[in-house]
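Common to both upcoming complexes is chain A, partnered first by chain B, then by chain C.
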Partner chain A sequence: MGVFTIYFFDREGTCLFYHEWSRPKPVKLGAGTPGDDQKMLFGLFFQLKVFAAAMDPKGKPNAQLGAPTRIGESCSFHSFTTDLYKLHFAESPSGLKIVLTTDPTVGDMRESMAYIYSYIYVECVVKNPMYSPGQPFRFETFTTQLNDFIQSLGLLQ
Partner chain B sequence: METMNAEIFTLTYGSMVRQLLVDTEDVEEVNKQLDKMGYNIGVRLIDEFLAKSKINKCVDFRDSAEKLAKVGFKMFLNTTASVTSWNAEGTECSLILEDNPMTDFVELPEGCSRKLRYCNLLCGVIRGALRMVNLNVSCNFVQDVLWDDPVSELRLKLISTGAENYPFKDDD
Partner chain C sequence: MPAIYTILIINKSGGLMFDRDFLPGISKTNGNDTLRLASIWHSVNAISTQLSPMPNCLGIELLQADTFDLHCFQALTGIKFLAMTEPQTPDVANLLRYTIYDLYADYALKNPFYEVDQRIKCELFDNHLNYTITGLHRRWGHPV
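Right, the complex of A and B next:
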């Protein structure tokens, strides 16, 4: 099994969508509740981005640790790997954040995540009249297309 | 990108504005409603714009305004706008629409000139879309071909740029 979970967050930290293909260790034994799980994950990548920007040896000299960054400013990370899983992160300038957790052996997913954003999220969610911005969504076409896409990458068995 | 018949769009928009005029019987209210509708469109439209244009970063407001005028208007209205009349601080500019497909076949009812901002939807769209990339702007029509001005001019004013703040408080 190559892929574990996917999360979509908006800028306000709302988890818009969550799906798990495989999660051998249940949330109950990790963060506790799904709500806490999502919030902790948001905190993790948010702070990681802040640290990554603060450690940047090349960027603007005035970017201090912890200082809020503007969109388009500073850098971001794309993924991190632990010995048990890999977390992929993508963010659009409009504030949508996609987090995908996979097996550590999975390669670069940046293009795939851009595809998920451009062709699956935009087409099935943003253009869906039932979607109200800022609210969690669950649409069958979206889930199906996401599943098919992940399957086509050969990440599902 | 998918295209649609411009005339259908123009006529649909026209009949919507007309219906709003009938329903609310107040020109100011129509302007407000159009702006609100536009805002809600813009909030969504930005994602499609970003997805299709593959634009990732704009370095500053000038750059954003250029992209909006050259790429945004091209993509959604098949026209372009020129960005002129910058103020010294680079926070205000004018978008000049030489050709606005939304105003084809349109005549304003009597007494509406200088009052009804027929294309106010556009202002809302711009405001909503830029809001999503953390640019708070105000946008207004100052000239309109429908008011017998030579061009349509949108005045765009940057109010503030937001930062990416952590949305949760430490104790919740």
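Right, the complex of A and C next:
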């Protein structure tokens, strides 16, 4: 199995959508509850963004650690790999954040995540009249299209 | 061009033991921020193991950012060796695992004046590390 989970967060840190294709270690053995899991994950990549912006070897000298930056202005991270999984991170200019966890052997997913954003999220969620911004959503068209796309990448069996 | 910007060593409780920049002209963080970044990395690493979708995860090995890659090798004792490099720099994992870990064992741990988990101030370690990294940079075509 190539893909584990996907999360969508809005700019305030609310988890709008969560789906797991497989999760051999359940949430119960990790953070405890799904809510805690999502909050911890948001904290994780928020901190990693601060980290990447401060470490940036080509950035402005003496940048203040943790100073707020606009999206796309500072150096950000796009993935990290551990021994057992790889986490891909993408952020849109409006602050929507997509987190995808896959097998560590999976390559660069930046283009695929841009596709998920512009052709699946925007088409099926933002343009959906039933969608209210900032609220978690669960639309059948969105879930099927997402599933089909992940399958077309060869990440699902 | 491949390049190694910085080497950091973090002890098992998240304290910074060593940091050195190897290329001129890169933007530096000040000393306090480097200490804080070391402990941020330590806690982020711990959270990443807890959030892992697979059981028994050991932590982050590679962080890929827009302008740099950060490789991390964690030894069994909990000490972490970090190398900040240009994206696509080859063989950094092996460099940390075999070369720099060996240098640490040989010239820091075997130094009778070195205290475990404290700042590494060992001349031989510095010299050998410098020699290794400048050797690599020369091979990659950096002006030395």
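As a convention for this text, the second predicted complex is superposed on the first by the 156 of 157 C-alpha atoms of A that agree within 3 Å, B and C clash if a C-alpha of one lies under 4 Å from a C-alpha of the other, contacts with A are read in each partner's own complex, and residues count from 1 in each chain.
Just so we're on the same page, a contact is a pair of C-beta atoms (placed from the backbone, for glycine too) under 8 Å apart; a residue touches a chain by one contact, two chains touch by 3 or more.
The structure presented is a predicted model; accordingly, all values stated were derived computationally and were not measured.
Bringing the complexes onto one copy of chain A puts chain B beside chain C with no clash.
If you count the residues of chain A touched by chain B and by chain C, you find the higher number for C. In the superposed three-chain arrangement, the CA centre of chain A forms the vertex of an angle with the CA centres of chain B and chain C, and that angle is 120 degrees when rounded to a multiple of 10. Look at A:R23: by the touch rule set out above, it reaches chain C but stays clear of chain B.
By the touch criterion stated above, A:M55 is placed in contact with chain C alone, chain B being left untouched. After overlaying the two complexes on the shared chain, residue contacts for A:G107 are found with neither chain B nor chain C. Legend: residue contacts after superposition of the two complexes on their common chain; A:V126 is shown touching chain B, with no touch to chain C. In the superposed model, A:L84 makes contact with chain C only, not with chain B.
In the superposition on chain A, A:G43 contacts both chain B and chain C. In the superposed model, A:S92 lies in contact with chain B only, and not with chain C. After superposing both complexes on chain A, the closest C-alpha pair between chain B and chain C lies 13 Å apart. Residues 43 of chain A are contacted both by chain B in one complex and by chain C in the other.
Residues 11-13, 39, 42-43, 46, 68-72, 92-96, 117-119, 121-122, 126-127, 133 of chain A are the ones touching chain B in the complex. By the touch criterion given at the top, residues 43-44, 46-48, 50-52, 55-59, 132-134, 161-168 of chain B touch chain A in their complex. The residues of chain A lying in touch with chain C in their complex are 4-5, 20, 22-25, 29-31, 37, 40-41, 43-44, 47-48, 50-52, 54-63, 65, 75-85, 87, 101. Contact residues on chain C toward chain A in their complex (touch as defined above): 5-6, 23, 26-30, 33, 36-37, 40-41, 43-44, 47-68, 70, 84.
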